[in-house]
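Listed below are the structures to be examined.
Two complexes come next, and they have one chain in common, subunit A, joined by subunit B in the first and subunit C in the second.
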Partner chain A sequence: MLIIGEKLSIIAKRVREAMLKRDKGPIQEIAKAQWDAGARMIDANIGPAEDGGEELMQWMVRAIQEAVPSPVCLDTTNAKAIEAGLQVHDNQWGRPLINSTSNDPERFPILELAAKYNSQIIGLTVGKGGLPADAEERCAIAAEIMARAMEYGVPLEDLYLDPLVLQIATSQDHALHVIKAIRMFQELNDPPMKTVVGLSNISNGCPRHVRPIINKHYFALLMYNGLTSAIADAAEMGEVAKTIDIITGKTLYAHSYLEM
Partner chain B sequence: MLIIGEKLSIIAKRVREAMLKRDKGPIQEIAKAQWDAGARMIDANIGPAEDGGEELMQWMVRAIQEAVPSPVCLDTTNAKAIEAGLQVHDNQWGRPLINSTSNDPERFPILELAAKYNSQIIGLTVGKGGLPADAEERCAIAAEIMARAMEYGVPLEDLYLDPLVLQIATSQDHALHVIKAIRMFQELNDPPMKTVVGLSNISNGCPRHVRPIINKHYFALLMYNGLTSAIADAAEMGEVAKTIDIITGKTLYAHSYLEM
Partner chain C sequence: MPFTPPKDSFSGKIFEVGIGRGEKAVTIGGENVMPFHGFEGSAPGKPAVAFEVQDIPPDDWPDTVKEVFKDVSGDPVTWASYCQDSLGADAIALRLAGTHPDRGDISAEQAAETVKKVLDAVKVPLIILGSNHAEKDTAVLVRAAEAAKGTNSVIGKAQEANYKTIAAAAMANGLKLIAMSELDINLSKQLNILITQMGFDKEKLITDPMCSALSYGLEYTYSVMERIKQAALAQNDAVLQPPMLADVGMYVWKVKETQAAEADLPEWGELAGRGIAWEAVTASSFLISGAELLIMRHPAAVSAVKKFIAEFSMEVR
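So, the complex of A and B:
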């Protein structure tokens, strides 16, 4: 299970302020905390970043990779900012991950960047016409994205399919649709397609004390069903990931398994 | 999900002392705490109880049912103690559950008691010859127990199949065998067979701080795979049960779902 540390998001006030002031301190502290908790990639979510996104993404990638020996997940809708980030990303720690393309024609050109820079890329299974209704529609869209990836020269093993986790508070039936989609995505290719979710979306809008409880149990069920990776808080999810790996026999039990 | 409150076991020092002194206080306090935390049956585990088991079980059943409006799970290898418990059990709060019969010929007569007293009964999928090797062997034994139940006049809907949870610290591969057995047991009849586990067995021998973590995640995966009931600590597992019911859509989401 690859945990992509999620805490460097422009939505968080402290992170937003650090981005605005170009203050590396908080950015590097958070990246290091995620790394120490087991994240092996760090998500850099700079939002739409319409003004100055290129320079901001480059600054973020450099700040993160100065602090931790980790690849970065370049998380923005601004294609130019993604390309700028790819140009400075230090691949000695692993290849970057672009977040994301989809089945919306406006998002196709992002695939060109993945091919050009030999980057991995997330394919979010939504199209231009609104949200997918169920697991089957997510699969149909995934197949479109896979075809497009091959057309653009992106190997399928570099594509992470994202079924789009919706908030349980308003879209309860999608919680199971997404689990089913994770199972079905794996069947779309051999070797199985890689998968990723934005985990904390599940508990968006839920009371604060409820959020980690829902996040953890949802993560456990997704892992059990074969999820490859998650954009998530490693500090919160490390324990879950290690325990599910023990139960499913992916790692050998030791009394100290939580500390490893 | 029926949680059968597990805390009234002779293995716990405080409970053993209360049993010896016939001190209802601690017994009723624990039963009430389990009930308040959501247990809807209380396990009364008096051990082998070779001396005075009949009177002890009757005292336990009465003490529990004075404190909470709950049926009791009669948990002992002593058949006479079980019959004594059945004689005083107040069925107005639900029918009792005998723990347990198995595929060991010595345990067959327990089925007679279930038929005679119209009680529910647990069928532990072990035979005389040691532990089952995998899910398939558990199923083969389950089929034997089901045939025996019908022979003794116990309806299959009164039989709870127990796949025998083993400790993960020494029998790691059985963690998945048991999950698979829970899925397979349901296929053995239509309507699906009911299932039960002794949940905390999974973490027997693990460090104290690790136990609730393994218990909770294992419980979540078992529930996801269709488990009907568990002998477990309701105070520890209520949150898990409610959250999995939300994720799987068995109950409708509300911000206050953990308090309901």
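So, the complex of A and C:
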């Protein structure tokens, strides 16, 4: 299970202020905490970043990689900012992951970047027409993204399919649609397609004390159904990931398995 | 169409552990393949066989194996030198059997003296073993470790009851450490975790999942070893990547099959050959299940096993 540390998001006030002031301190502290908790990639979410996105993404990639030996997930809708980030990304600890392309023609150029820079990329299974209704529709969109990826020269093993986790508080039925989609995505190719979710979106809008409970249980169900990676808080998910790996026999049990 | 044999490849690799010093130093482990499957990947080190020597005469060994050493076994230095010089031992395993409270209760200081003398006399790597009395071993192995400081010898066995002291002594004196648990893969992993949590480098460990003799539980040791090897290679479980030890001789030479006279059990055949075969078959089974280091007693059994290793490593065709 690859956990992509999610805490570096422009939505968080402390992170946003650090980004604006170009203060590396808080950014590196959070990246290090995520790494220490078991994240093996760090998400750098700079939002749409219409002004100065290129310079900001480069600054983020450098700040993160100065602090931890980790690849970075470049999270923005701004293609130019993604390209700028790819140009400075140090691949010695692994290749970057672009977040994301989709079935929206406006997002196709991002696939070109993945091919040009030999990067991995997330394919979010939404199209121009709005949110997918169920697992089957997510699968149909996934198939189109896969075809597009091959057309642009992105190997399918570099594509992570994201079924788009929705809020349990407003779209309860989608929780199960997403789990089913994770199962179905794996069937779309041999070897199975890789999958990723933005986990904490499930509990977005829920009371603060409920959020980690929902996140953890949902994560366990997704892992059991074959999820390969998640953008999540490593500190919150580490013990779930280790425990499910034990229960499913992926690692050998020992009394102190949580401390490994 | 020519036949292409399928190949397994693994993400994990066994740690390469060097023991001893100088020209006679030995390296075990380092492979990223199942035992003797070097053709599928890389297996730089070959399994090594250590001759067992004791600090006291081997009164409790059966005649078949006691006889071979009768001229040298009165003194551990003579005995160890004989194994090195006349029998071509890869390594010597010095068992401090006489320190056991029921077998003479030799003091830790005296045991450390013996260790020092043997170390001065032999050039091949030394494996220093306690008497397997958890409490007494704590005192004995700490002194023995000090006596062996800087020699890159192996010391053991650290068990759940005494690992803290023994691991600390091994760490302080630059020695490799045998971690032994009792035939349980989860406990074996747990002990390795506990020892590494003390700050002991996992790449200096040797795992002993506990040995057994043919027809006396061999299949338990075999399965535990096999499962450890799979976790190390296929699941890339770093805690289980130290090489493994099979302490064969002490288990084989106390079972009935290596002691019962031919006169009493004629259908079992000649006693000496039977005992040697018992040790050789037990040892070679554990090589197949994944042991990288063996401790054995009878020279004829060791020769047979060395030949087995050479043939299975495809040095001889």
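Throughout what follows, the second predicted complex is superposed on the first by the 260 of 260 C-alpha atoms of A that agree within 3 Å, B and C clash if a C-alpha of one lies under 4 Å from a C-alpha of the other, contacts with A are read in each partner's own complex, and residues count from 1 in each chain.
Operating definition for what follows: a contact is a pair of C-beta atoms (placed from the backbone, for glycine too) under 8 Å apart; a residue touches a chain by one contact, two chains touch by 3 or more.
Remember, it's a predicted structure, so these values are computed and weren't measured experimentally.
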item: First (subunit B), second (subunit C), both or neither touched by A:243; value: first
item: Subunit B versus subunit C as contact partner of A:224, first or second or both or neither; value: first
item: First, second, both or neither for A:207, with subunit B first and subunit C second; value: first
item: Partner chain(s) touched by A:77 [first = subunit B, second = subunit C, both, neither]; value: neither
item: Partner chain(s) touched by A:58 [first = subunit B, second = subunit C, both, neither]; value: neither
item: Which of subunit B and subunit C A:260 touches, first, second, both or neither; value: second
item: Broader residue contact with subunit A after superposition on the shared chain, subunit B or subunit C; value: B
item: Which superposed partner A:189 touches (first subunit B, second subunit C, both, neither); value: neither
item: Which superposed partner A:252 touches (first subunit B, second subunit C, both, neither); value: both
item: Touching both subunit C and subunit B, counted on subunit A across the two superposed complexes; value: 252-253, 255
item: For the subunit B and subunit A complex, residues of the former touching the latter; value: 168-169, 172-173, 175-176, 206-207, 210, 213-214, 217-218, 220-221, 224, 239-240, 243-244, 246-249, 252-253, 255, 257-258
item: Complex interface listing, subunit A residues touching subunit C; value: 250-256, 259-260
item: Footprint of subunit A on subunit C - complex, ascending; value: 185-187, 189-190, 193-194, 197, 227, 231, 235, 237, 239-240
